[in-house]
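Everything below concerns the one structure shown next.
Each chain carries a letter (A, B, C and D) given by its place in the written order, and its residues are counted from 1.
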């Protein structure tokens, strides 16, 4: 830790905070609740009858907002959860027996059970990356040889997460390079934007600028981690510059959404939440708080001996590398109910995730937890 | 209509009501919003961090409530929507290439696109029924001959809806007969309880007594039509008297729920809503209002010449049969945005559905709409 | 039976034949072996190495034959078995969650377990028919209402079997009417030609004339029942007059065939067999023998009291209706290992199928078996 | 090459052979035909009618043979092709959304399009290996953490190929170690025995000893590469020592085979071929010829400068590494129609596969082709 005295600590006294009952932590941005304005949005549309399944004024309003942000041909489809959003998006982009190139750390590859396989019938061509981000060079290694058709599964989609599952962020140029790569090989570009708001806030650009404006064909637009009660969306960009084979992808999507078990009957309640976070830039405000918490943890960690950041902290995720036993102890302290560790031989990676409601004292507390498992303890660290 | 003077009309003057802007109608119980107490429940659990994916106190509380209602071995899994609930439930009961016996009017067969087929890999063995309800005799016609294995798809599940899609209600004895039939043929009994509350209210029994207590193995527990913002549930009953092959069905269900794209990350918000409608019998209060509206429409229709009820009104659904052209006109009046008609040759069936928020004046208005398309008009009807 | 004396019996003395060990029967045309010329074809291409998976001269030769028969744009894909042929064909015509209209007696609906559902993700919209044959009027009853999208499964294919599973045959005019109906509703026409040779022989036309030339888009070309060791084929017709949406269906089929587990590695052996039955009209010769046997049984049955033909005998299948108990006895006699009965209340339908190798004495024997279970016995019948 | 004069060449004069039209090569063991005794077996059972779908004496005879070889509880199911065999076997071992650990070079992972995913709904957890063979240590890296259920796809099967796709062979001890590893982690062991005969011949043991006797639960028994016209089989071992969860896997397999589009109607023709290669050890005789050809190529290559064996030659596959351009030239010479190259940066791996019908002169010719693309030519090599 930077200094020995509490006053110099940027978040005040960790001692005090550490004794509090932890109401908020960094186990996951799914552990947070919803922003009050989002809940108010639910309340505000909760009167009378409207058309079900999206035939309601709130969904119309969302359509308008999305076209304003993502372009006149963009179409948004509210969805129920993140996995369903990704799987349904991919089903619109590729047929069974085709393949998707993605990082081996992709949520799609690791955290969606075998739904891409069992529901969409797709093979994931995973590839190691240094930082959770694909590049054209890395993706190129999973291209197939036309001579191997029909034996090989043919890649039809490149899928990237913005921000990535390792907390890194693609620059617009990097997205564009991947889009050009994908399109030039007859593939489409999918962006898993479960944390798109965090990426856009980190880049200090709008939601579209963080990917859709730079060649993404289909976007999984995250909202739940950003502060909603539930609900996500698929956005088909259909950008003017897109190749022909990237057009019309939304044509059957009403059926695919229903068939992917993702159609909300009282859709006004999802649409209202999406409107709430899109309008007036609430999404950015919430994402920035999550990002700042992660940054603060990252900055604190940089001062501590015996631990290091496994990845640069660019959005709201921090990966801390320390000895495996200490990592376990730290994880037990800050997330007693669910281990946060990825063991890598003797090293344990601990993942911490900032939420839209993270507070200064929460950062303080987790840093204190970290210090407490290190041999020097907090006092030692202050003199280190 | 029964009488010519407004005063005798049980809901007051239809003339006045007919000129109102229709805020509530009978197009579907999905068109209604959520009960205020349900929204309050969302607000009341919206503080601090809790475990995601169901590791939260509200889901624990729901577990307790469900065991109290459905038996000590019952297990509830909150889900995202109705189709997902049914499909995931069936996936727990049957393997791909097996079959499900259900009425040809089943929601499963008609209103869930080909999700039972494409996601669960099941064949639906549909069968005509007079009233939307299976009986052992009717279901028996779809049994297969063991000599036809492996060519035929083998039925593993009998699926019934309580209340049925035609608005009729199974008595507990009828459910028991179907359970005995299913079990004696090595099949399981699934109940689509999208409107279970309406059925239980109609039967004047508890939710379990409306099916689960009488041999149902797996229940799709509806909540959304009953007055929630979103969320349904699968309940595995695992009743003491169930046959061996009906036990342990929930064992893999955590994976099937995730893999069926139905796992909510901030599950506390579904659980809190389910708790809200289960606790204190709110479910019954809301279902009764919906049922009463349907009953009132049904009673009014019984007085009107030239129209008739196509099914007895037992829950919250009314099927009105009238000439096809008049049916179209009536549908256009009371649901301008989405036709409510099922054409049957020269006859049009119009489906009206009572909601938890239906009011006397809504009934009045729809009856007035109906009268207005009939040749006699309202005045004539009064003298009819 | 027509007459009491053996000399008048069109096939000689049944008494003698009945005492023979039954080497050939009418349980199914799958019970027969392969025509010697087909086996010779396997032998004749069994030398040296050729390209696997279809890159061989025999497959090229088959291509040429098929284009000559089915038109210059027709493409044939050899397949491994009948169910795989139908399923892969349908996968080329419709996406998961779409639907197929077919008779409720279709092989697809009854005898392919739930493979259309589990592998292709399709819903079968089955419909009763008097004779196993669809008409536009009958198929029309399963069309969906666009207002019901996305809830309903949308029919994309009409599938008919030529000859039908009830042994009846579509005339070219009837096929054309169904093709026009399908196309005018945005659907494709699939023909399950497991017994196409029998139908074409019955119609006294070529294979193409029995369907493909009259609007069929994709044909399952049967060969195994017609006398091969194994092997069937999918033929994409791509006829000049077909609508735009019926073109290019074969484009991804190499992948679908592989992914449908139907790609033969040593494909020359299938191609050679198909060439053998196509060249010189062997297919017709074999089909005619099967048809004649069925016709002969049908003619004999027409003379017998207490039994009747349930369907006209148009191809190589005979359905005999008699009392259920007698039907069971008859089935036990002529197919001891596998019942041939379809029970219909008090009546049992017995299905008999002529094969390419059926002989006069086989017909004699089965007729004798039938007579022996009837109360009058053979003598009585002769005087009947 | 060892010597400059033809007399010292172990297979005679390459010059002469090189000018021959290549009737047999090493592009794949799928390019070969069928052994005459196998074709005779087809002919010998081609008389009269027998039960279809396996109810025939030849299939009974196969059952007996398989029980004699693989144990009294072993059950064999004849199948149509290799991909279908693997996919159906896996479907019997794991449910959709589960996972299979296999080498990244597995046929399953590379050469079966996305059928494991699209048909079986399984995720493949691939892992790099030095030699195409899993070890418990390597497989261990893909185990999942129970804390990650239900998010992660849970491995239920370890799948290995005997011989491996890189031409290496598992010893019985290595198979046993993998079986123990799999079983101790609640997983089953699948063996893709597309080249089981080659492996058993190389190990100089029986077919069962090459895997099934050492803990394999389900075996894909290859026959086609071993010299049949078509046909493979799934064998469920059900060994006395197997864990409880490895028992009864065959129970539903009749349905899975049909549903996996792999049921042969005239099954006697597959069974007869399998009997032909199993009886009298024809399988071993044929496999040894293929292995010897590979060994001979390998021995020749060992003498040549500028090329090397990328893997030890243990069965019938040889991987030759040489400069990429030369590799292309070599591939064009010995397999003009289909490249045999796997590019690895500047190096090209050329795969050659011995067949049951490979002859000395074929080896000679391919070695001559190799020499002809090397700078030194044949003469230089002799002095190298």
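The criterion applied here is as follows: a contact is a pair of C-beta atoms (placed from the backbone, for glycine too) under 8 Å apart; a residue touches a chain by one contact, two chains touch by 3 or more.
Bear in mind the structure is a predicted one, so any value in this text is a computation, not a measurement.
Looking at chain C and chain D, the chains that touch each of them are A, B. Farthest chain from chain B (centres taken as the mean of C-alpha atoms): D. Comparing the chain pairs B-D and A-D, the larger number of C-beta pairs in contact belongs to A-D.
Separation between the centroids of chain A and chain B, computed from CA atoms only, is 36 Å. In this assembly, the C-alpha centroid of chain A lies 42 Å from the C-alpha centroid of chain D. Centre to centre, using the average C-alpha position, chain B and chain D are separated by 53 Å. In chain A, 96-98, 112-115, 118-119, 150-151, 154, 255, 258-259, 263, 338 are the positions where the chain touches two or more neighbouring chains simultaneously.
Residues 23-25, 27-28, 30-34, 36, 39, 42-43, 45-53, 55, 80-84, 87-88, 112-115, 118-119, 224-225, 229-230, 255, 258-266, 268-270, 337-338, 355 of chain A are the ones touching chain B in the complex.
The part of chain C that touches chain A in the complex is made up of residues 95-98, 149-151, 154, 252, 254-259, 263. Chain contact summary for the complex, chain C toward chain B: residues 96-99, 110-119, 121-124, 147-148, 150-154, 338-339.
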